[in-house]
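Input: structures, listed below.
Two complexes follow with subunit A in common, the first pairing it with subunit B and the second with subunit C.
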Partner chain A sequence: MNITRMMEWDIWGGAIIVFAGPYGMYLLMQWLKQLKRQSALSYNQAANLHNNQHQTLECSTDDTASIHTDTSDERHLLSISSLLHQKIDYIGNQLGHSSDLTVRYLTLSDHSARNSAILFINGLVDEKMISDFIISPVMQNRDSISSILSQQPEQLLSTLHESYIPICKGEMCPSAEYVVSKLLSGSVALLVDGVTETLVMDVKSSNGRNGEEPISEPLVRGPRIGFVESIEDNISILRIRAVDRNLTIQPYELGARNTTKAALVFIRDLANAELVAEVDRRIQTIDIDDLPESGYLEQLIEDDFLSPFPQMQNTERPDRVIAALLEGRIAILLDGTPFVLLAPVTFSMLLQSPEDYYERWLPSTLIRMLRYLAAFIAMFVPAIYISFVSFHHGMIPTKLAVSMAGTREGVPFPPIVEALMMEISIEILREAGLRLPKPVGQTVGLVGGLVIGQAAVEARIVSPIMVIVVALTAITSFAIPQYGAGMPIRILRFVAMFCAATFGLYGVLLFFIMLYTHIVRLHSFGIPYDSPTAPPQAAGFKDWKDFMIRVPLFLLKRRPRMNHPQDSVRQDPNPKPKG
Partner chain B sequence: MIHVKTRSESLSAMQIAVLLANNILGTSILLLPGSLSLAMDTPDGWLSILIGGCLVVGCGYLMLWFSRRFPGMTLFECTELIMGKWIGKAINVILIIYFILLCSYEMRILAEVVNLFLLERTPKSAIIIAMMAVSLYLLFGGLNAITRMLTFILPLTLFVLAICLALSLKVFDINNLRPVLGKGFGPVLKGVKETFQSFLGIEALLILPAYLKQWKNTYHAVWLGVGIPTIVYLLTTVIVIGGLTLDGAKITAWPTISLIRSFEYTGVLVERYDSFLLTVWILQIFTVYILYHFYMVEVLKTILAQSKPTIWIFVSLPVIYILAMLPNHINDVYSLLKYLYWLYYFMLLLPVLLVVVSFCRKDIQYGRTS
Partner chain C sequence: MAVRPSLICKWKLLFSLLIVISLITGCWDSQKIEDLTFAVGVGFDLVTEENSDQSVATASSKLKVTYQNLIPTQTMSSSSSSASTASESYHNITAIGDSVHELTRRVSILTKPISGEHVKVIVIGRKLAEKIELETLLNLFFRDEEFRESCLIFIAREEAARILSSSKIDIPSLLIKSISDNQYRSTKILPTFTLQKAISKLQSNSSFILQTVDVQEGNIIFSGGGIIDGKTHRLTNFFSPNEVQGLAWITGHKEGGLLTIRNQRKETLFIYEIARIKSNMVARVQGEQISFHIRVRSTGRISEDWRNLKTDPKHTKQLVHQSEAQVTAEVKTYLQNTINTMQRYKEDVANFDTTLRIQHPHIWHKVKGDWNRVFSTIPITYDVRIQIEDYGLENMGLSQD
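Let's look at the complex of A and B:
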C-alpha cells in the first residue's frame, strides 16, 4: 500500500507530543485546582483551631456577657405586647429585616415595660434630632405621659406631638403600609402599644452630597456622586436613591482580627433566590484575619482563580449599583472602601456604561459598538499586524505591502521583538503615569511616549507603522469604560502576539478559539460569562436588545433574562391609556 | 431492566438545530462545487443539492422518530441495549473507528488548506497538534460549553460567508449555469449521491436528542439544521459555477477559494477576501472536529460504562493524529474517503437494524422510567 506514508519518526514524535502535551497540561490544571481546594480546607481548619483557642482564653469574660444579653433579650421580647410586636414585625417584614432598620424601645409607664418604640432607617435620619427632640422630652416627662396613657390612650400621640415633641413636620397615620414608605423617605415612626395610629415625623438628615465624583469612572452625563469609605453612608446613599421597600440589606461581620462590616444588598422580589443563597454561602465560608478592600472579598469568593477575566464588577458609582440591582443582580458593600462589588457579571456588562442609558439610544448604540470595536482592536490588532508582516504579505493590498516593507527596511529585529519592545514600553509608561503626581503624570507620559517613539523610529529600531499600531492599541484600551475590564485585554494582547508570531493568522484564530472557549467555560455565580450571546432558548435572543446595541427605552420592557430575575417586567408591556 | 441516565446537561430544540447545522457544514463548503461538477459534468448541481436537502430532511425525520422511540438514549446506548452486550460493544467499536477517522479526516484537510493558503512552510504536524490541543480545552468544558461556542460560531460563519459570496457576484455570470437540465435528469440523480455524502453530520440526530428536555419544536429543528447547510451549499455551488464556469470548477482543487481569489476590490482597506473565507472555514472545521470528538467520547463512556474516560480521551489524540498524518498526499485522502462513506451509510442504516431487532425481541423495555 503506497498511498500511506511509511512509519516515519516525525509521526511518532508528533504522536508523543500530542499525547504528552495536553495530558501534562491537564495534570497541571488538576493539581492547581486541588491546590486551591486543599488550601481552603487547611486554612479553615487552622482558623477553627485558632478560634477555639481564642474562645477558651476569653471564655471567662465573653460567656457571662453573652448569657446576660440573651436572657435580657428574651425577657424584652416576652414583655412587648403582641400588638406592638405585630406592628414592628410587619414593618420589619416589609423591609426584609434589613440591617439598617433600627428599633428603639421606650418605656412610657411604670406598669409595663417597653410599651413604645421608635423606628427609623439608619443614615436617612438625623439621629441627634431624634435623641434630642423625641427621646429626651419623652423621657423627661414620663410621669405626665404615663398618666395620659392610662387615662386616654387614643389622645396620647396627638398630645405628644402637640405638647412634648418639638419637631415641626409630623402626622398621624393609621396604616402601617404608609408608615413603611415614610420610613424609607427619612422619617421616624413612634409606635405606642394600644394605639392603632402611628406618629410619623420628618427628621431627614440634611447632609445632601457627601461623595465626590468617582475618579475611576467619570461620565459626561450622570450624577456626580460616588461612594465613600463608610458603609453606613454608602447604604444611605443607596437608600436615598432607591426607596424600594424590597431593597434588602443583609449584614455580615468579616475578618477574624480586624472585624469589618460588609453587606449583601439585593432587591428581595427581583434577585434570583438561588443567586442570593449562593453568594451568601460563599461569603459565609470566608475566614481571614483582615479584609482591607473589597478586592480581597472578590478574590476569595470568585469562581475561577486562573482566569484573567474579573468575575465580579467593581464600581464606585451608586447609579450603576442601583441599575444592577434592578436587573436582578446583587451588590456587596464592604466597610472602608468605596468600591462596591456587583455579581454576576458577563463580558458584555464590562463594556457597558451607565451613560448608555442616559443618552439617547442612537448615540448610545453607536458608542457601544465603538467599544466592542475598541476591545477588538486593543486585543487583536498588534497580533494581526505581526502575522501580516511575518507571514501573509500577499493578503494586504500591494501598495500598502510595499510601503510597509519600505518602512521596515533597516529594522534589525523580527516583528514580534519590535512589537514586544514597543508594547512593553507603553505598558511601563502607563503604569508609571499612574504613580506620578497628577500634574506631571500626563506630561511625562505623553512626552515619554512621543520621545521614545520618535527616537526609536529615527534610530531605526522600530518601524513607524509599528508605532502607529502600538499607539492605536494604547488609546483603544482606554476606551473600555472600566479599569478592571481593560486588564484581561492588556494581558491577552501579549498572548495573541506570541500566537501570531508562531502561526500567523492561523495562530490568531487558534488564540481566538482558545479565548472564546475560556469565556464559554467561565461562569460568574452561575451565569455563563458569554451571555447573552448564546442563550439556550430562542427567546433569550431578546436580551440582544441591550447587548451590542441599545434599543430605545420604550422597547426595554423586560429585565435581562440571563440573570433569571423573579420579576421580569420592567415596564408594563400593555400600558393602559391614562385619563 | 434499563435505567435512564439523568444527564447533567440538556439541550433545547434550537440548540440541536445549531449543532446540526454546524455538524453538517464542514469541508464541503470548499469542496462540494468541484466534486459535484466532476460527478455530474453539468451545471445543474444546485438541483441535486435541493433534492439532496429534501432527502436529508426526510432522513432527519426518521432519525428523530427513532430517537423518540428510545427517549433519553443515545444511539450507542440503544445498540448495547438491543443487540446485547457483546455485539453491541462490537458495533460501538466500529462507530468509534468511524468517529476517529472523521476527526483525522477533518484535521488532515485543515492542515492541507492551511498549508496551501496560510502557512506554506509550517509543518502539517504543528498545525494539527495546535488545533487538537485547543479543541481539547473546549471538549473538557462539556456539551453546554460546546453548544455555546457553536451558537456563536454559526452566525459568524453565515455572515462572513454571505459577504464573501455577495462580493463574488462581481464575476458572476448567469450564462455559466445554462443550460438547465441540458443532459436530462440522469446527472442530477448522480449528483444527489454526492450531495448526500456532503451532508455527513446528519447522524448527530441519533445522538443529540438524548439530551433534549422537551420535544417541542424538535421537528422544526431538523428543518432549520438541514435548511441552513442546504442554502449555504446551494448558494456556494451556484455562485462558484456561475463565477468560474463549469470547467473552472472542475479543474481547481479548492474552487470556492479560487473564486474568492479571482476578483479584487481596489481602494478598500482589504483587496482580497479569501482570508475571511478561510477564517470562518477553519472555524467550521473546528466545530465538526469537536463534535465528532465529543461523539467519540460519548461512545467511550457507553462502552466503558464510565462517566469520565479521561485517560482514553488522551489516548485517542495520538491515534487521530497518526491517522491524519499517514496519507502521503491529499489525493490519497480522497481515495480513502470512500471507506469513510461506507461507515457513514452503516451508521445511517444502524437504526433500521436496531428497530427491526427491537421488534423481534420482546424482552426489551425502553423509555423513561419516571
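Let's look at the complex of A and C:
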C-alpha cells in the first residue's frame, strides 16, 4: 500500500532487531543447553569404565545400607513368632517403612531368641532413657522375666511395668492402631511374642539445639521455630507438628565421598505419586562427591539451569514445610543444613508467606496484593523512569515533567548511566551490608544510602528523582518474603533497564513479553511455573482463591488443584450445621 | 568437553551478531528530558502594521506564532537563589512566518527543541481567525501526532500574544485551562472545546462557538464566544456573555451556574442556583415548514435572597411558585435573546442541525446545503419549567408548608 514506507531502512532495521533479539536469545539458550547435554554425554563416554566400577561400588554400599537390611530383617522375622512379626510389620506399614522407625529386638526367654522388640521413632525419644530404664532392667532380670513368660505370659507386661521398668508414663494397649499414634508422639512400644497387648511408655526427648527463629524468614505472627543442622532433629520437628501417620520419610545417602543423609518427605496419600517418582528419579541421578548444602541439591535436580527463576523453594520454617506437604508438595531435607527444599514451586508461591494464612483474610489479601505491586515496582520502575525521561515526555503530567527536567538540569549523564550507577551501588551496598556483622551492617546501609545519595545529588551526579527511584526499588525488593525469590527480580531489573534505554516503553514491553514467554514455558517438576494463571484449563479459576487474594479459610475447602494431590479435600465440603 | 568446533564457531558468530545488533541501536530516538522545552500554550496572530516588529517580517509574512514555554524549576539550587527565579516561571517565544510548521522550525533555532506533548491551549487572535480558515491554521495540530487532541481552543478578543503574556506570576496558558474547568460553576463559560471537537465540526461544515478570552487590567477574563461559520471556517461574530448564558439553556447538559433575578428597577431579588438543566429539542416538519420546539427543564435552589422576607410560613408555597415564575420569565428572556441573535447572524451554533438530521433525515438532506439561511427563518418555540426544590430557608421558618 505504502511503497515509500517500505523503503525506509529504519523500519526494516527495527523489525529485524525486534525479531533478532528474541530469536537470538532463544538460539543462545538452546546452544547453552546443548553444551550441557554434550558435556554430559562426552563425560559419560570418556568415563564409562570408571563410572561402571563406581556404580557397582555404590550399589554394594546401598545394599548394605538400606535394601538388604529389610530383607535380612524379614529373614530373621520368619524365625520369630508370627504374632510379633505381624505386629511389627503392621506398624511398619502404617508408617510407610520410614527410616526413622527403629526396631530393637530383645531376647527374654531361654527357649526362643528375639521374642521381644522395642519400637520407637528416632529423634522423638530419649535413647538414653530407653537403654537405662527399659533395656538394662529387663536384661538384668532376664531370668525372672523368662520364668514369668513361660508360666503366665498374659501377666508379663503388667508385671514388667509394675515391677521392673522405672518409667512413669506407661499403659497397656490392646490395639496396634493406637500403638502407631503413640509412637508418632514420642513413645516407645514394647512388644513381646505371645502377648496380644503392647506396653507403651512415654520417653519423649528434648532436642539438642533448639531451632531459633529463622533470620531469613522472620514473621510477625507465627511459630518462632526454625530448622537446625541435624536431619534427625529436623525430621523430629516435622513429626512433632505433623502427627499424620502418612507422613513418609524416604531416606537417601548422597555424596560419593562425604556421604550425607537426605530425606524425601511427603504425605503418602496426598502427594501425587508421579511427582514423588520424578523427584526420586532425579535424586537417584545425583553423582557428586559432596553435598554441603541443599543449594547443591537444588541446582543438580532443577528443571532449567538457564532460568533466572528458582525452581525450588528453600525455607527454614517447619510451618511452611508442613503447609507445603499438606498442599501435596514434597520436601527434601539434607543433613547439615537448616534449609529445606520444597518442590514444585510456582511464581505465586514465591510471593506468599505463611503469615498470609495466620492473619485474617482481609489483611492478608492486602499484604499479598502489596507484594505483587512491590515485585512489579522492584522490577520495572527504574526501566519506566528511564523510558519516561528519555522517550515519552508526554506521558508525564506537565508539572512533574517540568520539575523532572529541572532536577535533571546539570546532570552530566544520560538516564541509563545515571540509573546504572545508582542501582549498582545500591546492590553493592546491600551485599556489603549482608556480609558485615549485624550492627555494622546497618550502619553501612544507612551511611551508604543517605550519605552517598545526598552527596551524589548535591554534586549533581544524579538527579534527586533517580535517588527516589533507586530507594523505592531497593525497599520494594525487600518486601518479597524470601531472599531467593527476590533474586530474579534483582537480575531482571537490569535487563529491563537496558531495554528501556534502547526502545523506551516499547522495549520494556518487548522485554516483558519475552520474560512472560519464558515463565509460561518454565516448569517446576511438571507443574507450569505460572500456575494458576497459565495454563488456565488445568486448574480452572478455583486456585485463584488463593492467588492474588486470599479468600476466607472456610472457602478453601480443597487443596490447590495445580499440584494434583491424591486427596483434594481439605475441609468437609458439606459441613454439618453449627449447633 | 568435545563440542564440535564448527558448531562453536557458528554459535559464537550468532552470539556476537546478536550483541552487535543490540548495541548498534544505541538509544534509538531517545531525547533527554532536560534538553527539551515544554510548550504549554500556542498563540496565533495576524501580523499587522503596528505589531510587525523588526527584520523577520518579510512581505509575505502574515502569521505570528507565540509559544509559551515553561521554565524548569531548579529545585536543586539553594533556597536563596531560587527565590529570584520564582518570579518568572515561563517565557514566550515569538516567530513570524508563512506557515505554522515553518514557524515551529524557526522557533527551534531560537531555543531548545520544543515538545508539543504538553500543549494545553491554543489561542487564536481575532484578526487572524477572521482572515484565515481555521482548518488551514490548525492543520499542523491535526496532522502531527505530537500535539494532543485534547488541547483546548480559544479565540482572543484582541491579540493572542497579549493574552499569553498577561500575567507575570501565573502561567497564562495554565490559568486559561483552569478557568475553563470552572464551567460547571457558571453558565457564562462555554463547555470546553477541544481540538478533537474542532476537527469534527470543521469536517462536517457546521458552525460552532469558541470561548473568547480577553485581558482586562492584566487579568484574563472569559467573555462570551466567537462564532466560527460552518461554510467559511472563519470567525464571523461574537456572542455576548448573556447570549452564551442563553445558549447554555438551549443546549442543556449544564450543571451548576447562577441566574440573578431582578425586578423592574434592576434591583437584585434573589439568586437561582442551577442544579441541573435538561433541554429537549424537537424538530417538527409540516409539509415544507420546519419548526423547532425546545423543552427546558431545570431544577435548582435559591442560594441567596435579597428580598425583604417577612412571609408567613403559610405563604411559603406561594412564594416558591412566585419565584419559579420569575425564574421562568428570566430564562425565557435569555432564550429569546440568544435565538434572535443566532437567527440574526444566520449561525446555528446550538446543534439544531443535528436534531433535524437525526429526527428527519430526509428533510435534512434537502436543506443541508443552505442550512444557515434556512435556519434563520425557522420558527423556534420553547417552554420552560423551573423547579425550586430547595430554598435553603429552614432557619427562617419558611420550610414548613
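We take it that the second predicted complex is superposed on the first by the 499 of 579 C-alpha atoms of A that agree within 3 Å, B and C clash if a C-alpha of one lies under 4 Å from a C-alpha of the other, contacts with A are read in each partner's own complex, and residues count from 1 in each chain.
What we mean here is this: a residue touches a chain if its C-beta (ideal position, glycine included) is under 8 Å from a C-beta of that chain, and two chains touch if they have at least 3 such contacts.
These figures come from a predicted structure and were not determined experimentally.
Trainee: Looking at A:Pro536 after the superposition, I want to know if it touches subunit B, subunit C, both of them or none. Which is it: first, second, both, neither?
Mentor: First partner only.
Trainee: So, does A:Tyr26 touch the first partner subunit B, the second partner subunit C, both, or neither?
Mentor: first
Trainee: Quick one: is A:Pro363 in contact with subunit B, with subunit C, with both, or with neither? Answer first, second, both or neither.
Mentor: Neither: A:Pro363 stays clear of subunit B and subunit C.
Trainee: Could you look at A:Phe391 and tell me whether it touches subunit B, subunit C, both or neither (first, second, both, neither)?
Mentor: In the superposition, A:Phe391 touches subunit B and subunit C alike.
Trainee: Regarding the shared-chain residue A:Ile513, is it in contact with subunit B (first), subunit C (second), both, or neither?
Mentor: first
Trainee: Regarding the shared-chain residue A:Gly504, is it in contact with subunit B (first), subunit C (second), both, or neither?
Mentor: both
Trainee: Applying the document's definition of touch, where does A:Met404 land relative to subunit B and subunit C: first, second, both, or neither?
Mentor: Only subunit C; A:Met404 stays clear of subunit B.
Trainee: Can A:Ile16 be said to touch subunit B (first), subunit C (second), both, or neither?
Mentor: A:Ile16 contacts both subunit B and subunit C.
Trainee: Touching subunit B in one complex and subunit C in the other: list those residues of subunit A.
Mentor: Shared contact residues on subunit A: 13-14, 16-17, 21, 25, 391, 398, 503-504.
Trainee: Which subunit A residues qualify as touching subunit C in the complex?
Mentor: 13-14, 16-17, 20-21, 24-25, 27-28, 31, 34-35, 38-39, 42-43, 46, 388-391, 393-394, 398, 401-411, 414-416, 457-458, 460, 464, 501-504
Trainee: In the complex, go through subunit B and note every residue touching subunit A.
Mentor: 11-12, 14-15, 114, 118-119, 122-123, 125-138, 140-141, 145, 147-149, 151-152, 266, 269-272, 274-275, 278-279, 282-283, 286, 310, 314-315, 317-318, 321-322, 325-329, 332, 335-336
Trainee: For subunit A, which residues are in contact with subunit B within the complex?
Mentor: Subunit A residues touching subunit B: 2-5, 10-19, 21-23, 25-26, 391-392, 395-398, 503-507, 509-510, 513-514, 516-518, 520-521, 528, 530, 533-534, 536-538.
Trainee: With touch defined as at the start, can you tell me which subunit C residues reach subunit A in the complex?
Mentor: Per the stated touch rule, the residues are 1-3, 7, 11, 14-15, 17-18, 21-22, 25-34, 36, 38, 40, 70-76, 115, 117-118, 120, 146, 148, 174.
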